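Structures follow.
What follows is a pair of complexes built around chain A, which joins chain B in one and chain C in the other.
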Partner chain A sequence: MANKISDETIEYVGILAKLELSGEEKEKAKADMERMLDYIDTLNELDTEGVEPMSHVFPVHNVFREDVASYKDGSTDTLANAPLKKDNSFKVPKTIG
Partner chain B sequence: MDITSLTAVELGKKIRAKEISVAEAVKASFDQIERVERDVHSFVTIDKEGAFKRAGEIQKQIDDGSLQSPLAGVPVAVKDNMCTKDMLTTCSSKILQNFKPAYTAEAVRNLEKAGAVIIGKTNMDEFAMGSTTETSYFGATRNPWNLGHVPGGSSGGSCAAVAAEESPYALGSDTGGSIRQPSAFCGVVGIKPTYGTVSRYGLIAYGSSLDQIGPVAKDVTDCAVILEVIAGHDPKDSTSIDRNIYIHSASAETNGLKAGSPNLAGYDFTGALKEDVAGMRIGIPRDYFGEGLDAEVKEKILAAVRELEVRGAVAEEFDLSLVQYAIPAYYVIASAEASSNLARFDGVKYGCRTEEYEGLHNMYKKTRSEGFGEEVKRRIMLGSFVLSSGYYDAYYLKALRTKALIKQAFDQAFAKYDVIIAPAAPTTAPELGKSLSDPMKMYLSDIYTISVNLAGLPGISIPVGRDSKGLPVGMQIIGNCFEEHKIIRAAYTLEQTRSYERPESAGMRGEGGDR
Partner chain C sequence: MAKQYETVIGLEVHVELATKTKIFCSCSTEFGGAPNTHTCPVCTGMPGALPVLNKQVVEYAMAIGLAANCEITKVCKFDRKNYFYPDNPQNYQISQLYLPIARNGYVEIEVGDTKKKVRIHEMHMEEDAGKLVHDEWDDTSLVDYNRSGVPLVEIVSEPDMRSADEVIAYLEKLRMIIQYLGASDCKLQEGSMRADVNLSVREAGTKEFGTRTEMKNLNSFKAIARAIEGERQRQIELIEEGKEVIQETRRWDDNKESSYAMRSKEDAQDYRYFPDPDLVPIVISDEWIERIRANQPELQTEKLERYKKEYDIPQYDARIITSSKHMADIFEAAAAICGKPKKVSNWLMVETLRLLKDHNMEPEDIRFSPENLAKLVRLTEAGIINSSVAKEVFEKIFAEDIDPETYVEERGLRTVNDEGALIEVLKKVIADNPQAVEDYRGGKEKALGALVGQTMKAMKGKANPGLVNQKLKEML
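And then the complex of A and B:
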């Protein structure tokens, strides 16, 4: 049952996770993930046929409220932590050609 | 008088009786921090100036009678994953090393309303991922009982600060045992409440379906009082539950609760501080006392169970089952949620941004790769994988199905027992530097605490003696959802049979430790 993580998979997971790994880190991540997945595979011993996946322990219902603004303009506070800002906005690298 | 040896409630009483001023109480904490912090390193941020300023304000409100809470004027340390307005909140991560939130977490706000004085923010495993507080970007915290050992984690800073008497009490958070296990390792008391009891608003999320904030203190009374202050329904947290309404609802019955059960299932936690376990049915899961459990830990816990039996409780062994599946299910669920929750740290809105980059995606990747530590990256990678198309059903949904079965196993157990007693951890605190090299082994050390989070149950960790190395042993009492009152009653009863033990580092001034 030993899991094998390919170079392509670790590359793809890096894209999903938005992490850039060095060659050495990639090898380590592969080994770590293989080991974890082997362990996680023990769940396959368990018959879960017909069991509903439980995302919440208690039944959760959507919570509705009147659409009334309860916050004042917090843009100054919010922007205070921005690494870069400009004209009362977050500044990011150019995204469209 | 030895102010720092007092419990939070005792100190609050003396403050309200004008025997001790708020400034004196705050000064006592900072004096102790001065003495021991170099060795213990419980804190990431210490706010002396802010605390003394606040002490003056609180003193006025106590003097004019407008503030009467049991915690008024009592200093508190807050785990560094709870937002505190204008005060650094780092999650012990490089990526948030300069983050000052624009608002305060609801649980902390509740403390502030009760007149608490925040003295600082405590160290933790980075983003609460770890069991030793060694993954902190700011360096490890040490166990006040033995500086060569870890305090446990991830709320290691909070528990060490309480044990070393730098703070009378603290807030921690618990996703897989992060309050109960370090409380056990540091010889203090900690409660992880029923999921939904304390608002998660302003708690920087790790595994949202598992995270709960809870108290860490010297005794059960403190914990009940603190929990009463921080708990409550909060519309700002969609998973927050109004316990007063819920316990009377039909869905409560499907969770094994009888509608209209006594109000103790609401928010009255101090009402359970009773020395009475007569007829209480205690389940001892055989699967928690087998292979892997340290013999001395086992002996101390079974001795504590016998004390409860002497006082009228009825203990019985049973098979909980599915124990070996809790950890793999947890790591799938927690990592999946973490990968999603931590996507917000991208160098745009807060935290650090990498120096040099080409374009947006490169900026994201470099920022995150430089800003996160190894364990955090490991879990984000695993989480991204189990949620990716092609693997989602096999891993993520499988784990959620396993979670449903684990919940069922607890439901069956609580049909027979009032509480379940278990170790908080398989061993006492390990030595520093021995855990991170083998993450899998570290994960396994959470075996007795993790399923409680998966099932949303409340659990308390309480000291039950020390091993031959002199390190504290912690016992966990687990209750059914909304039955904090039972675990508090059992823990309080047991606590009456023993006296609180202080580490030498806490009492190093040479003044007697008689409390």
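And then the complex of A and C:
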């Protein structure tokens, strides 16, 4: 394996993803990520000279909606699975701002 | 000699677009609904929901881009900006990083007599987040996703501004352009226009930029001006003390008139952008751009020229009236109804501006109808009410948009042109003020004023002042 994920990297990715990983889980995640990077290396072997970068596989563009409102009260469905709710709102731990 | 410092400022301005529906779903963007009523699986980030772009958002963004002299990006797309915060149910905001809809524009500003171009780096479309309300009772936060997915355009300037005055001129110019386009109402207080200020200082004459900070939470022009002055001072003091300015996001507290650093946790600048796989690219043809350009409404500069020609309004007045689309609309409608554009212009330029200033209001907050202003002009032109009564009536129009015709009738404010009644009053005034009468007869012209005043008072302000003057002179 050419790529090596450092302990700092796995720690940082964990923080960004808001995940708390045990030592064992970190090692497993490291191995997974290394394999992914190795695969990217394989892709990098292809000659992409003159090929436009793309973000979609299908040649589809300009899919639009007209600006017409539905006016349905979505609150019941939206809040149906809320672990905690109050005053028609999701209740979450206190945040700043 | 103390060192001279130059302030360097760039702005990120968010504008909430005036669409009926959200950017990626057909939920209403209306204000004031009960929490979470304007939500659906798309704007609350439910798994498997598919966002579909609102065409009107693209057209408004193109219109703003064109009006600000930008190049429209012919193939543009959306990216995901990843961060965790309860106001963002998807855990990413759909925005545009790599291919924003418009780039390389400018707007021209004027401060004092100096004209200057502020360059626009880029403009992109994105979605707004939900609203968090702190619940004092059990010390939690309540989340309402009604604003989640409301379309925004973010306009990023180059660091071309050097003072608070320039920043405000730039914001006023942007606001005016966007209001004229009808793309947003741009109300700072209500948050439909928001500005983040990037500011650094450097010694005058230096080429390199200093380290900048970003200030958030600025919701009025005055707060922006104070925040700029405060941050400039703070950075200069740090430099003078030999300390370093740290690149960070700061929150301005307008009550304390100082800023504080936001916690670094909130400021994790690693958003790991990547193209949104749910949204297909937007391809903009030349025909589409031309169609948008052809449909642009008359903007301020054109309107100003037209007012001077069509209505014979002086440059200064035309500029003030056209500086607000709302005021210009009232002017045109009222002028069309009463056919007296100059009189309408006077009411706007004098009394309206005075009352706006007294009440700390913006022209956009004017609530009276052009119909009632036109009626007032007709009443004064026809001599039905005199000018001091008209002022009093106008204050009522300004405050409550009353119908002046009904108001004048109900309160009996018509000017009294009845000579018989006037002469009776004058006789009494002359009898009651022998000193003033004697003074006038002895050659003191000023004494006449006192007698006119007494007469107006006796007639509760409803007399015709010209007539009072004339009759008094005759009788003396």
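Odds and ends about this structure:
Following the convention adopted for this analysis, the second predicted complex is superposed on the first by the 84 of 97 C-alpha atoms of A that agree within 3 Å, B and C clash if a C-alpha of one lies under 4 Å from a C-alpha of the other, contacts with A are read in each partner's own complex, and residues count from 1 in each chain.
Heads up, the rule we're going with is that contacts are C-beta pairs under 8 Å (C-beta built on N, C-alpha and C of every residue); 3 or more make two chains touch, one makes a residue touch a chain.
Everything numeric in this text was worked out from a predicted model, so none of it was measured.
In the superposed model, A:Phe64 lies in contact with chain C only, and not with chain B. Of the two partner chains, both chain B and chain C are touched by A:Thr78. Chain A has more of its residues touched by B than by the other of chain B and chain C.
Of the two partner chains, both chain B and chain C are touched by A:Pro93. Comparing the two complexes, residues 16, 18, 55-56, 58, 60, 63, 65, 74, 77-78, 84, 90, 92-95 of chain A contact chain B in one case and chain C in the other.
Put simply, chain A touches chain B in their complex at residues 9, 12-14, 16-21, 25, 29, 32-33, 35-37, 39-44, 46, 48, 51-60, 63, 65, 74, 77-78, 80-84, 90, 92-95. Listing the residues of chain C that touch chain A in their complex gives 19-21, 26-30, 34-41, 44, 52-56, 58, 77, 82, 84-86, 132-135, 139-145, 251, 262-263, 266, 268, 270, 272, 275-277, 279-283.
Listed in rising order, the residues of chain A touching chain C in the complex are 15-16, 18, 55-56, 58, 60-75, 77-79, 84, 86-97. The part of chain B that touches chain A in the complex is made up of residues 98-103, 195-196, 209, 235, 238-239, 241, 246, 251, 254-255, 322, 324-325, 327-329, 331-332, 339, 343, 346-353, 357-361, 363-366, 368-369, 372, 377-378, 380-388, 395, 397-405, 407, 439-440, 455-456, 481.
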